[in-house]
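Think of it as A, B and C in the order they're written, each chain with its own count starting at 1.
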Amino acid sequence: MIKLQHIYKIYEDEHAKHDALNDINLEILEGECVLLRGHSGSGKSTLLSLIAGILKPTKGLLEVDGVSLSKVPDDAATLFRREHIGNIFQKYNLIEDLTVLDNIITPLIPTDLSYSDVLKLADEALEIANISHKKYNLAKKLSGGEQQRCAIARAIVNKPKIILADEPSANLDLNLTMEFIEEMKKLKSHNKTIIIASHDDLLFQSKIFTKIIVLDKGKISDIN
Amino acid sequence: MNLKLLNYSLTSILRKKNKNLILFFGLLFSLTLLISSLFTSFSIKSMVLSDISSLPEITVQKVLGGRTEQIEIDRIYEIQKIRGISSVKERVWGYYFFPHRRLSNGGVNFSIVGVDLYLDEYNQTLTNLTQKYHDILNSDKLLLGKEAMETIKLGYFEDFFDFYTPDGKKTRVPIGEVVEELVGFEASSTLIVSQDLGREILGLNDGYATDIVVKVPNDAEIDNIKDQIIRLYPDTRVITKDDIHSAYNAMFDFKGGFFLALFVISSFALFLLIFEKSSGLGELEKREIATLRAIGWRINDIIKVKFIEHFILVFSATISSIIASYIIVFIFDAPLIKEIFFSSNEASPPFTMIPNIELLSILGIIAITLILYLALVLIPIWKSAIIDPSESLK
Amino acid sequence: MILTSGTISYLGSNIALFALSSVAFIGALKILKSWNFDSTTNLQYSNEKQSFLISTIINFLLIVKIILSFYLLYLIDSLVPFIKAAMCGVGVINATHFGWELLTLKIVLLILFGLWIGTDKTDMKASNYPYLKFKFKFFILIYILMIVELILDLNTVVGLDTQKVVSCCSITFSNTNQVGSLFSLSPQSVGLVLAIVFSLYLISGIFALFKEKATIFFGAISIILIYVGLLALIYTFSPYVYELPTHTCPFCLIQKEYHYIGYFFYISLIFGCFFGIKSGFSYLFLNTRNKKDILISIILISIFLLLGLYYVLGYFLKNGVWL
């Protein structure tokens, strides 16, 4: 499903050179649920962005769902993202002045789907993420947990095969984190490939992960 | 056309209400300035041109040392012999200055028209009026339009009007009738009297007229007949209708064009000012675009949405300013703007605008506004669309 | 020189468009100099973004240029009263130095813009921008033509001679041997040439639907067809539209008296030929062959021809004689 071979990501400007990722080799199979652990700055977010096609590797081979993302034009990477990836951002990145429903359908707006199909997909996603009752509320009026669920609904509305989440529990209390883990279990049962980057021990202790990868200073230090 | 994108653009405009309102009113103001001055120019132009179109094809004036002099009516008989002419008629007319301190230029110039009571006049309106009010004119009374009546009322004239003839005598003329048949400039500036009375007011001698007008049914003959008249009377100036037509046409289009040029320059400055303010994206907006990019919007999708936003904005501003201009010019009678087109030394009496809109010019203005505006925002739009999706992670 | 709101708006927008295309031109030069698709430097990424700006600008230019060409036709018509002897648009154009050359250049540029956008679409769809260098070199050619266009535009408006004694359409496009005519062509001979070129066009079009190589020939014939089609419109069809054997004019066709029929003639002919040229161009330079282009071209050209025949035969049936 996801294959990385000798992946390097080097940020360069006039003053300094920074190796965000250094010779990463990794394979993730379909339906796996993976936890990326590591301190902040260890390259977790960079790795997620590479898999999402948001960033391009400096060197190496990156293949996601049969598509080589190592070097594709921006349009192709974006179309890939639109069809295959669901992204849950650390700060949710909802559009505050839009309703929950309008937020959830944003990934579908540039597609050729008809409006009724879009609404159907949105209802399914609302159901799975358990936020149907707030459908017409403005995003800025939601509580933290509700925002999280709204973000999940938006990430799955396009029926992606791969779901990526960056520090999903950073703004959640204990109960909400447990709720989030339940959500992920539900998605796992839908046979999605899930990759979560987090240094939260609560997530680490949950039993949903099939693989745990530890990153340190841009290198994989442990896989189990 | 993706309706979902259109819908997103619409809500996006509403979400950024304050910024868009400023932009909208800035556009509305400068466009209204432009379009109302164009409306005024169209309207005045068409009023002048319709006056001219009632003229016969050729006008013959006598010129002495560069001045126009009164012309002998006898010359009609010689001119009549030229082949290709359908009728020749003398005209008794001229300007009469009516001073009054409450009028904007210290007074107005009325046109005095002396009509022939027994023969057909050179245009239909005058012929009809002469026939209808024959008795009134015959008893040396005055015919005038509604707006002209209002002007002389300023001098407390209700039932009569006092003319001062060139020899300094005061001639009191009773007002016969306020007539509806006079429209446009005629309604505000024309005073109709009998030929004899007209001669007295204008200081013309018996057997003389202001000029002679000639009707030519075949347009192709006009230049030829003009040459023959000049050969017959070398002391005359012969003016064709086309000469007058193109002179006026050029004058009004030049004024319209001049104001448009001024507008383009000043509004460019305004646009730039507004854009300095509006093209800098806020943190929130940057984040929104980066998020959209991260969840699968292509650069072109963002460009489309932004483009539609600006298009709706500038299009609605253009339409609103056309409506606003219509109200200003034709309902409130174009205050201030009218003065621009009639400079102070022309002393024309107050008149009412007759709506006349050249549809294609308006379409042209709309197209040009859209083009200039969208060309100007194209690069800022692109700049915001290429925001890196990884910005959404920060 | 005539300074009207129309001419000022027209020049103003053309200058604005030219400024915009200069931005695109500078961007294209920069990209051509440093493009390396396999590189992962910031320079390359900013090049990729820049190429979006250029294609946005050119898409915008095409749409606006189409609108402006209609505006120009209207503008020319509105200038008729200013030119002493002009009776229709032909007189106005004759009063300029390079009016006819400018109109030709405008048609050529519209077609080139269309081809560029086709190239851009193909390029963006592919996985590695295979035609990027080609399309920006192509744009440099377009830009050079745009400079010429702007100079001619300025020259036309500024150099318009209102006092010049111009010949009107019936003399400029006369089909008898008169002094001052461009050339003398009889409606029959032009009609015959059109019939021959159209047959070649149709045969090569049908071939092109099945045989790839024939597309090149089809594209080439389409170029010839624009020229022959315009001649046929002026000399063969227009007298039947005007119902006057001596009236051969490309301009009066677009006036209200003739139900604006000229617009339909021009649009079907120019767009029809454009799609024909595009199919040949795509095959020659982009290695793609789009049967849809060929079909659209044949349909549009057929509309053009049927419209012409409708007037010719309609006149014959009504009056029983040919003009």
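Just so it is clear, a residue touches a chain if its C-beta (ideal position, glycine included) is under 8 Å from a C-beta of that chain, and two chains touch if they have at least 3 such contacts.
The model shown is predicted, which means the values in this text are computed figures rather than measured ones.
Farthest from chain C, judged by the mean position of CA atoms in each chain, is A.
Taking the mean of each chain's C-alpha atoms, the chain whose centre lies closest to the overall C-alpha mean is C. By count of C-beta pairs in contact, A-B exceeds the other of the chain pairs A-B and A-C.
One inter-chain figure worth recording: chain B and chain C are separated by 36 Å, centre to centre, where each centre is the mean of the chain's CA atoms. Distance between chain A and chain B, defined via averaged C-alpha coordinates, is recorded as 65 Å. Separating the centre of chain A from that of chain C, both taken as means of CA atoms, is a distance of 50 Å. Along chain A, residues 74-75 each make contact with two or more other chains. Taken residue by residue, chain C touches two or more other chains at 49, 52, whereas all remaining positions touch fewer. Of all residues in chain B, those touching 2 or more other chains are 299-300, listed in ascending order.
Across the complex, chain B meets chain A through its residues 2-5, 8, 11, 15, 284, 287-288, 291-301, 389-390, 392-393. Chain A makes touch with chain C in their complex at residues 12, 56-59, 71-76.
Against chain C, the residues of chain B that register as touching in their complex are 38, 245-246, 249-250, 253-254, 256-258, 260-261, 264, 299-300, 303, 360-361, 364-365, 367-368, 371-372, 374-376, 378-379, 381-382, 385-386.
Across the complex, chain A is touched by residues 37-38, 40, 42, 45, 48-49, 52, 124, 127-129 of chain C. Per the touch definition, chain C reaches chain B in the complex via residues 2-10, 12-13, 16-17, 19-20, 23, 49, 52-53, 56-57, 60, 64, 67-68, 71, 74-75, 78, 81-82, 84.
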